[in-house]
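Structures are listed in the sections that come next.
Consider the two complexes below, in which subunit A is the common component and subunit B and subunit C are the respective partners.
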Partner chain A sequence: MKQKVGEGLLFFGFAGIASTLVLALLWAPSVSIDAFESPAAQRIFYWHVPAAWAAFIAFGALFVGSAGWLFKRSEVMWRLHTAGAEAGLATGLMTVWSGCVWGAAEWGTPWDWTDVRLNTFGLLTLLAIYLVLGRGSQPDGVETRDTFAAFGLYGFVLVPITYVATRIWSIRHPGPVVGTGDESSINGDMGLVLLLGAISFTVFIIGHIMNSMRVTSLEQRLERLQATMDKVI
Partner chain B sequence: MTYLAVAYFGMLVAIALWTYTVVQRSRRLNQRLESLEVAMSDRFEND
Partner chain C sequence: MAQPLLAVDGIEVRRGMHVVLNAFNLSLNSGEVLALTGENGAGKSTLLEACARLLPLEQGRILHAGVVVADHEGRRRPTPLVLGLALQKNGMMGSEFVVEHLETAMSMSGHSVDPRPFLRAFSLEHRANDLIAHLSQGQARKVAVLAALLPAFASKQPALILLDEPAAGMDERSVSVLCEWIAQLRISGHAVMICTHDQRLSDCATTHVDVSTSEATEVIPNEPSSQLDMNAQPVKAISPAAFGWKMQWRTLAWLNHNAVASLLTLGVLLSFGDLLDDLEDMQRYGFLLAPAFAAGLCGEAMVQASREERTNAWWRAVANANPHSGILPLALGCLLTLLSSLSFSVVVEPNIIIVGGLLTFVTWHIIRLLQEATNRLARPRAVFVGLLTPILILPYALLLDLLSQ
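On to the complex of A and B.
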C-alpha cells in the first residue's frame, strides 16, 4: 500500500513539474525588459525556486532523521536520514544547476564566490554529496551512522543561514519576491505558475523520500535474511 | 529561449532518470526478497 502511495506521489509530482515547465515557457507573462539583462532566462525561476523549496524540505527530513537516530536510535529515523540526504542531493543539484544557468545569462558568470546565499546553499549540497557517497562507501554500523547523523544534524544550521542570507546581505542573489507586500512581490499568473511548481515539487519530494525509505528498509531486510541464510547453510 | 528550453528539458530528463532508478531499485529488491524467502521456506520444509 505504502509503495503504491509513494509511486503515485512521484507520478503526480512529476506530471505537475512537467506542466509547470510548459506553463513557464509558454504561458507565464514576460518580465520587464528594463529590469533584467536577460528577461527570457528569468523563466528558470519557476524551476529554481520550487527546487530550492523542495531542497529545504529534504534537508528538514535529514535533520529530523539525524536527530531521531542520535537521540532515539530509531531505525525509521535512520531511513529518514538516508532518504533526506538523497533527496537533498538531487534537489540541491537541481537548484544549483538552474541557478548557474540563470547566473550565466543574467550576471555573465554562473557563480559568485562573494555571495553568502550561493555559498551556503553550495555547502549544503556538498554536505548531501558527502552523506550519500559516504554511506555507499562505508560499512553500516552504529559508529558510521553516528558520524553521518552528526553531520546531518549540525549541517542543518546552514538552512536558516541560507534562508535569511539575502535579507541580511544583499550581494548578488535577488531578495525575496513572494509575500513581501511591496511592488517587487510577484502576483497574478506568475504567482499561479510558481504555486503549481511549489506544490508539484513538494508532492514529488515527499514521494521520493517515501520510496527511498522503503528501499533502505528492503536493503536491511535483505541483509538480515542473507545473514540468516549464511548461518543455516 | 532555445538554451533555456534545453536546460529545462535536461533537468526534466535528469529527475525522470532519478525517479526511474529509485522505483526500479525498489522493485528489484522486492523481487530478490520474495525469491529468497521462498528459497528459505523450501529449505526449512525439506529439513
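On to the complex of A and C.
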C-alpha cells in the first residue's frame, strides 16, 4: 500500500511539474520588460522557486532524520536521513542549475561568490552530494551513520542562513516574492502557476522521499538476509 | 590498599551493525592484571578500546580512578591516570625514531626513565636511533609495547596499561621478558589489562575474564624474579601540536601537501601578465591572498599521515587530541603572502602579510576538523571532504570585500 502511495505521489508530482512547465512557457504572462534584463529567461522562475521550496523540505527531512538517528537510534529516522539527502541532491541540483542559467541571462554571470544566498544554497547541495556519495562508499554501520548524521545536523545551520540571506544581504539574488507581508510583486496568473509548481514539487518530493525510504529499507533487508545466509552456508 | 583504577559500568558498544558488548561490567584495581579471553569476535579489543575512550558508548560509562571519562551521552573527558596503550596496530608513524617515540610516550606521564635497558632486554638497543619504518614487524611491535609499558615504569602514581595482543609477532625470549615486566608493574601497584590468546601472558594475570560469557576467574599469577629500580626524571609532556610540527618538518609533508598547490596558484595568477596592472582593490587583494588561501584549502597533511598504524587513535587516547601542525600554517601563510606581494611587485604591507598568515591558519584548521570528522569511518579516504571546502570561499570573498573598503 505504502509503495503504491509513494509511486502515485511521484507520478502526480511529475505530471504537475510537467503542467507547470507547459503553463510557464506558453500561458503565464510575461513580466515588465523594463524590470528585467532578460524577460524571457524570467520564466525559469516557475521552475527555480518551487524546486528551491522542495529542496528546503528535503533538507528539513535530512535534519529530522539526522537528529532522529543520533538521539533516538531510530532505523526509520536513518532512512529519512538517506531519503532527505537524495531528495536534497535532486532538488538542489535543479535549483542551482536553473539559477545559473537564469543568472547568466539576467546578470551576465552564472555565479557570484560574494552573494550569500547563492553560496549557502550551493553548499547545501554540495553537502547532499557529499552525503549521498559518502554513504555509497562506506559499509553500513553505526560509525557511518553517526558521521553522516552529524554532518547532516550541522549542515542544516545553512538552511536558515539561506532563507534569510536575501533579507539581510541583498547583493545579486532578489528578495522574497511571496509571503513578505508587502503587496506582492507577482500578479494573479503568475501566482497561480507558481502555486501549481509549488504544490507539484511538494507532492513530488514527498513521493521521492517515500520511495527512497522504501529502497533503503529493502537494502537493509537484503543485507540482513545475506548475513543470515553467511551463518547458514 | 588496592585503588580502583578502571570501572566499566554497564556499557553497550556497537561495531558496524552488531552489538558487540551489552550491559558489560568490569573493574580493575591497582596491583591487578586482567587477561581478557574469548574467541575471535567476542569483543576483547572492543572492550579495551572502549576503556581507552576510543569508541562511543551506546549505554553505560567508563570511569578512570573514579572519574567518568566517557559515557553514553557522548561526553569524553581526559583521563586523570597515566595511560599506557598498545593497540593491535602499533600506533606510531614510520617517520618517528625508536627512542623518540618511547620518550614521547613517557612524557605523557610527566616523567622519563632511560629506555636503553628496556631496549637491550628486547634486543633493540642497536636500533634505538633508527626510524620505525626501518624495523621488522616484530621489532616494531616490541617498540609499541614498550611505549605502553614505559610510562608506567616512569610514573610516580599508579598507571593503567592496556595491551591488545602484545605478544603478536614476538619471539619466545621477548615474551618471557614481557611477562617479567608485567609482573614487576603489578607488584609496583599499576593495573594491566591484556587481550590475549597467549597462555604465557594469561599466566601473568590475577584474573581471567571471558568476554563472551563475562565470567571472571581469580588465578595466582607468576611472581617476578627481580624488581627494577627506576630513576625517573621529570619531563614536560609533548603536545600533539609539537609532535605534528616535528613530523611536518621531518617529512616536509607541508611542502608536498600545501605549498606546491599554493605556488602553482601563484604561478597561474602571474601568467595573467599585464592584466594585473588594471585590477580593482578587491581583485588585487584576491590575487595577493590566493596562494595563502590555496595552502589552507589543502588541509592538514598530519590527518592522513597519522592514519598510519592508527597513530591518531593512540594520540587521542593518551593525549586527548590528534597530531596537528599547530602554528605552522600561520608561518607558512605569512611567507606565501610575502612571496606573492614580491611577485606582484606591490608594496609589502605588514597587515596584509599577517592577514595572509591568519587566513591560512584558520582555513587549514577548519579543513582539518572536517578531515578528522571522517576518522571513525571504515574507509575515511573514500569520502570526498573536498566537496565541503567551498564553505570557505564565501568568507574569503567577504574578507576581500572588507579589505578593499
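Before moving on, here are some points about what is shown:
The rule we apply is simple: the second predicted complex is superposed on the first by the 228 of 233 C-alpha atoms of A that agree within 3 Å, B and C clash if a C-alpha of one lies under 4 Å from a C-alpha of the other, contacts with A are read in each partner's own complex, and residues count from 1 in each chain.
In this section, a contact is a pair of C-beta atoms (placed from the backbone, for glycine too) under 8 Å apart; a residue touches a chain by one contact, two chains touch by 3 or more.
As the structure is a prediction and not an experimental result, all values here were calculated from the model.
By the touch criterion defined above, A:Tyr130 lies against subunit C but remains apart from subunit B after alignment on the C-alpha atoms of chain A.
Of the two partner chains placed by superposition, only subunit B is touched by A:Ser98; subunit C is not. More residues of subunit A are touched by B (comparison of subunit B with subunit C). By the document's definition of touching, of the two partners only subunit C reaches A:Arg73; subunit B does not. When the two structures are aligned on the shared chain, A:Ile44 is found in touch with subunit B, with no touch to subunit C.
Of the two partner chains, subunit B is the only one that A:Ser212 touches; subunit C does not reach it.
Look at A:Ser30: by the touch rule set out above, it reaches neither subunit B nor subunit C.
Of the two partner chains placed by superposition, A:Thr109 touches none, neither subunit B nor subunit C.
Residues 3, 7, 10, 14, 17-18, 21, 24-25, 40-41, 43-44, 47, 90, 94, 97-98, 101, 105, 204, 208, 211-212, 214-215, 218-219, 221-222, 225-226, 228-229, 232 of subunit A are the ones that touch subunit B when the two sit in their complex. The touching residues of subunit C, when paired with subunit A in their complex, are 14-17, 56, 58, 373-374, 376-379, 382-385, 387-388, 390-391, 393-394, 397-398, 401. Of all the residues in subunit A, the ones that touch subunit C in their complex are 73, 113-114, 116, 119-120, 122-123, 126-127, 129-130, 133-134, 137-144, 146-147, 150-151, 223. Listed in rising order, the residues of subunit B touching subunit A in the complex are 1, 3-5, 7-8, 11-12, 14-16, 18-19, 22-23, 25-26, 29-30, 32-33, 36-37, 39-40, 43.
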